[in-house]
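Below are structures written as structure tokens.
Shared between the two complexes below is subunit A, which pairs with subunit B and subunit C, respectively.
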Partner chain A sequence: MSLFWIVIRQLAEIEAMTDLLQAMSKKVITREEWEKKLNDVKIRKEDMNKLVMNFLVTEGYVEAAEKFRMESGTEPDIDLATITDRMAVKKAVQCGNVEDAIEKVNDLNPEILDTNPQLFFHLQQQRLIELIRNGKVEEALEFAQEELAPRGEENQSFLEELERTVALLAFEDVSNCPVGELLDMSQRLKTASEVNAAILTSQSHEKDPKLPSLLKMLIWAQNQLDKKAAYPRINDLSTAKLEDPSV
Partner chain B sequence: MPSSVSPATSASRPSTDLVARLSSSDLQVQLKALRDIKNQIIGNRTKKLTFIKLGAVPAVASVLADAFDAASCCASSSDLVVQSAAALGSFACGVDAGVRAVIDAGALPYFVRLLSSSDEKVVDSGARSLKMIYQSKLAPKYDFSEKVNMDFLLSLLNSENENVNGLGAGIITHSCETSAEQKVLCDNGVLLKLIDFLEGSISQRDASLESLASVMKDNTEVTSKFVEYEGGRALNLLVKLTSERSTRTRLLACACLIIIRNVSPGYLKGKGIETKLICYLLELLEEPGQVGDEASFTLSSFIEDKEDLQKLAFDANAIDLLCTHLQKDLLQPQRLEGILLALAHICSRLEVCRAKLLPMQAFDSVNDALRHDCADVRAAACMCMRSVSRSVQNLSAGFFMNEKIVLPLLQLLHDPTLSVQLAALRAISNIVVDFRTRKSSFVRWGGVKQLVQLSMSMNPSIRSNSLWALKNLTFDADNKCKEGVYGELTASSLASLIGDPEPPVQEQALALVRNLIDGSLDSVQYVFAEDSIVLDAVGRQLQRASTAEVGMQGMYVLCNVASGGEVHKDAVMDQLLRDTKNSSSPFITQFLQSNDSRLRTASVWVVVNLTTPSCRGVSSRIGKLRNAGIISQLKNMVNDPCLDVKLRVRTILGQYMTFGDS
Partner chain C sequence: MNSSNNDSCSNSTSTNNSIGGRDLGLYFLDQARLCSAAAPSAMDEAEAEEAPTELNTINSSGGFLVVSTDKLSVKYTSVNLHGHDVGAVQANRPAPFKRLLYYFEMYVKDAGVKGQVSIGFTSESFKMRRQPGWEANSCGYHGDDGLLYRGGAKGEPFGPTYATGDVVGGGINYASQEFFFTKNGAVVGTVYKDMKGPLFPTVAVHSQNEEVHVNFGQKPFDFDLKTFEAQERLKQQATIEKISLPPNVSYEIVRSYLLHYGYEDTLNSLYMAGKSTVPPVSMNQENGFDEQDLLYALSQRKTLRQLIRNGEIDAAFSRLHEWYPQIVQDDKSATCFLLHCQKFIELVRVGKLEEAVKYGRIELSKYFSLARFEELVQDCVALLAYERPMESFAGYLLEDSQREVVADMVNAMILSTNPNVKDLQGCLHSYLERLLRQLTACCLERRSLNGDQGEGFHLHRALNSTMKANS
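After this line comes the complex of A and B, so read on.
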């Protein structure tokens, strides 16, 4: 929570600056002045560490999180062992071992797939896609009929997706057919991140890391300030380099 | 295994084998079979039902029982415990037959015992499975008044394990219904614990919100305790939660605030929360899945019967938004039902709302929904039709009396679902009020025939509602229409409906007669047909009138008859004074002393018509009324608190002065 307040405080300071600037339209702030102002903003090391830990945990970098915990003494807000499990599920989907992924999710928490029909359907759909990818036509048809058709009966939009998926079977050259994107790696990644998010939610954890939101706020604040002043701006987020205003 | 399920399909044979393997003596085989079953049924309703039919639930339950007893000595048993508990929990998730089977298999006590295990995984599995059970209506009711039970519940809420906390909250949500239960929970500190959870993890928060709703519902005492907690801190927390990231949390927080608003509007006044709640809920409609489905129902519970909130919803553009959703393709039945209900509630009181909805294209979708496969959707569509057809303006314009709207509604009169039949009847009741011009179309489409058939139904609500529709149809109708109704119904059925055992049916039957004979003198003859069978039935029912409403409608029938000539008036006199030789006073004397001013008004009107100076035989009738003590009763009423009664009484006494003493 304290992180949030820091950002708000920063925003408030920028706002205050903006107010000051409003009188003289588009004031130019030199790099020197700007850096001095930034130096006055205090950010606690612990808060920075928590942000980093939140990112590592949410994204599933379990070894890095473990090392970071030992080095910085920052406690993760979730049991690190659960990250390993979550990553194993994610990896299984990414490699196309969907059945394995489903079993792993069910071991983790049977409620996840029992109470989330959409996710369950997407996993089953991914299973079907993998069968088709591997040329197991007969098995694919049987699976679609046995496992997926009943879901389609329960839900119209599932039925549409199912029809789209089964359409893959109708084409000789699937890479060139209208529904070919289902076979893309991106489809696996999409399914994998849906599972990842569901597991995080089931563990009472936010499904997105906080760092990207902070960066979004930074960009928003800069855009606000742009209307009123020229100042050293961060354009490249990865380097966070202050670039002199082009006046 | 002897197959009781024959012929076995290719899919069910492996399932049968799996169930058989549950009773293997080899623990590894057992474990493998359990895991297979579990992974097949999770998320898969059809598979659950298949395995339940194969008797898998008692088999899994007995694995749990055996493994539980052995769990202390070996690790593989504890694996069996976790897997079997998880499988049973999944059987109970979302499938009633599963819940019943798990309860019948005696698994509940074992789940409870799992909660005190030292192995966290075992505890989790027990708590999750019990939680699933308590999410179902079929779960046994938890008795909070027993001290042991309360202690157990408190131990669940105070546990360090969030799944166990969730179970505690789930039990409250499931079993807390009466105000006594709400009070005992509150007295034992449950309310404070739930407030604590509002600041806990996502799962604690959501579970707490649901329980808070059931602990506060319709309970002033508990709700005010919550609202006043630490100067409004709990309430502020709740308001904050309406803008949480998690849409589920937002929805539950809104629902909780609505419960508070419904207990007393004062708690949320002046905070502008009401408009915000409506906007939040409209926003949540966009969500896929359960949250979006429930949002419209929550909105309905908020605006139902509250005109001010319906206006706020209108101002928040709710009708446009709901209609946009209504026109989307592939709507799930529950979502469609919710949207139709919300529209029905918004349009239930305010003409502006109806005027907005009716010309919209989405109104066609409401009409289409009358033919939907799902009964709940059909019923909701009927309710929507009923609300919009309250528009007098559109009724006058004959907007609803067309084949496109009426024919599907008539079809629903034969719907296999009672709630749909009733909802269709109520919509038709409004539509047939239609002012005269098109009532004949309704007769031509066979509407009267169907309504008359339903008036003979075994179900009293169907009888009274179909009579209600007939009553509205005959309101201000021409003779041809009345003739149609009367001819179809016949005097003898009408008489037996007046004598129905159920007061609401009696009331509607009498009201129907009242409308039938209103207007022209010809129609008064209906009550004299077949040896005055109908008029007699009216008189008999009035003598034992069980409710003021029945009395009132009956008196208006007499009033309409008494507006006729001498014969008619004398016939009414006979009914008024029937059996007075035996009993002490005629029924009209009791009616005149009723607390219900509507009944007094109706009764006084009868006497007004009987004592009209211009009609022959007036002095004889006045004489009889005096002898029966009715005139002296009226003299006591010259200062009746009801203005209408007071004026009519004075009219009668004026007429009495002129003729009575002569």
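After this line comes the complex of A and C, so read on.
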């Protein structure tokens, strides 16, 4: 037994030594040195404006994008009129008006649903969920049989989704059933997000704003640099505060 | 004697922002010159690295081969008797490394008697009578046996053999620190690169009649390098995308950006929209106190920005005298200087050259003797000399970006008058800018610790790259 503990202790010592050695072998950059490097970076105001505009446009803040164009002179990288249409579709889904949403998507671009069977299935599934939510049992069953079952036959995962959805009908108290989450707002949001992305892609626009990617890149870059150096870090993105190295 | 020394001395007023004010204003002076032709661009660095363009005829094993006059082909002229009469030849320069990938190709025109052609990378001191890979600090993919040699006599199984008519490529992936080789358009394998220092693209021929042609990019490659590069980028992107962010952090950062620069209307629209999204955006309340600092003088900053963006400098001056006289009371400050310059520029813009000259004599002449301001004021005055000033070297002054610099400066100066502000430097940069600077600095430092290999981060490039989804 005591041999066991001796080994454990030795392993812990080795680990502590390795940590210490690693820390010692890291290049230490003082606050002053680091601030000089930061000051050497050249960031153009117009690039930052573009980044903000890209965020407003991709997230669908039409009015804000319009105002930003006026206040900053930055041109949006997408026609603002198309945003309104896209937001209308998103809102319709978020409010549960799926039929309306489908009509709007087809008005915008009939190819979107044609080339996106998974999206179309999810929209139909949402329609089914809304029918069930409103207690329209007969209509729901009819809809499931006529519209969704044929899709389910073509595709295994569609079939599984269909079965999960229809299972809602089996329960009196839907808030307690295992598939109850389908009735959550989050399900509507998921579908809405899917539609939003599909529309953006069809307009050859990237479906995600660039800003979050850059923030993630910052976290990644700091993690990578941590392996080789001790330097002032930004740990809280929303305040961008530089924190001195703990070494 | 040296008037520029006065810049760092305090002047007679009592506001503690005057010293800070000078320093802050000077930052924008640098910004103003950023767009001129004289300023080096960060993008230049990538282009500054020269790439190989042809074969090096000076150090090649002269007795065993002959290089064509265009220095892009090589033919073996000896008789292969042993292992030290290889006809190896390097490129004229080492592979550039401040990028994601480097790649070049070789077309086997004739595999000769024994097909002992090879392609690879070698160090500067490589013995040119040997096959790449047979010596330390070299690597080579050999056509006769398809093996990869990395500095020993024995090669490792790597890829297919290759011969007459094949196009073989060799590349370096700085992100993954690997060599990769291709044959007829497809990657055949990769191997870890532990060679340090400049690496020269190398080809070799070793038996009678062997002949190869090299392509350093002067014509399109057989291999689809662009797609390969995009795929490698996507791999890295995928790792990064997995990182999770605190909820709504992008929204908050955009908000603080709008607050910082005084884009009041946009801010209000965003706020209203945020309330009605599903679910409504809820913000981190802990930021309350920072926000108070950023809300300072929001309306006034917005007004001044609008005036300056419209070129109404006189109105801007009078508002400043009314609301923040301490910012404009010292005529020798960078703030006043830039405002006067802008007024001058606006007069030139609308063709009121006589008025501009008058204004210049009254307001700009005093700056000629101040070393810091000299360059910019010279550029301003130079505008008068051209019929089409927009097209001259000083044309950058007439662009919108110049008005933007002045507007940003006034914005920062007003923020600095806030009695609650603790960190004057903070008035210069929005949180977004600080984050972007940190990102750039981290990427550069990481690259520098990695022997300067790989890409740095450039916001401009990142914004303009399109990653079209491949459906």
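Heads up, the rule we're going with is that the second predicted complex is superposed on the first by the 222 of 247 C-alpha atoms of A that agree within 3 Å, B and C clash if a C-alpha of one lies under 4 Å from a C-alpha of the other, contacts with A are read in each partner's own complex, and residues count from 1 in each chain.
As a working rule, a contact is a pair of C-beta atoms (placed from the backbone, for glycine too) under 8 Å apart; a residue touches a chain by one contact, two chains touch by 3 or more.
All values reported here derive from a predicted model rather than from experimental measurement.
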Original post:
After the match on subunit A, would you call subunit B and subunit C a fit or a clash?
Top reply: clash
Original post:
Where does A:118 make contact in the superposed view: on subunit B (first), on subunit C (second), on both, or on neither?
Top reply: first
**OP:** Could you say whether A:155 touches subunit B, subunit C, both of them, or neither, answering first, second, both or neither?
**Re:** first
**OP:** Have a look and say if subunit B or subunit C is in touch with more residues of subunit A.
**Re:** C
**OP:** Give one of first, second, both or neither to describe whether A:219 is in contact with subunit B, with subunit C, with both, or with none.
**Re:** second
Original post:
A:81 contacts which: subunit B (first), subunit C (second), both, neither?
Top reply: neither
**OP:** Name the contact category of A:68: first (subunit B only), second (subunit C only), both, or neither.
**Re:** second
Original post:
Touching A:56 in the superposition: subunit B (first), subunit C (second), both, neither?
Top reply: second
Original post:
A:46 contacts which: subunit B (first), subunit C (second), both, neither?
Top reply: second
Original post:
Of the partners subunit B and subunit C, which touch A:170 in the superposed model: first, second, both, neither?
Top reply: neither
**OP:** State whether A:147 touches subunit B only (first), subunit C only (second), both chains, or neither.
**Re:** first
Original post:
Which subunit A residues lie in the overlap of the subunit B contact set and the subunit C contact set?
Top reply: 115, 201, 204, 206
Original post:
Hey, which residues of subunit C end up touching subunit A in the complex?
Top reply: 34, 42, 237, 239-241, 243, 245-246, 249-250, 252-254, 256-258, 263-266, 268-270, 272-273, 278-279, 284, 287, 290, 302, 305-306, 309, 400-401, 404-405, 408, 430-446, 449, 457, 459-460, 462-463, 466-469, 471
Subject >> In the complex, subunit B residues that touch subunit A >> reply: 11, 35, 38-39, 42-46, 86, 89-90, 93-94, 124, 128, 132, 162, 201-204, 245-246, 288-289, 329-332
Original post:
Where on subunit A does subunit B make contact in their complex?
Top reply: 102-103, 106, 109-111, 113-118, 120, 146-147, 150, 154-157, 160, 201, 204-206
Original post:
Contact residues on subunit A for subunit C in the complex?
Top reply: 27, 29, 34, 37-38, 41-48, 50-52, 54-56, 61, 63-64, 66-68, 70-73, 91, 94, 115, 185, 189, 192, 201, 204, 206-207, 209-222, 224-225, 228-229, 231, 234, 237-240, 242
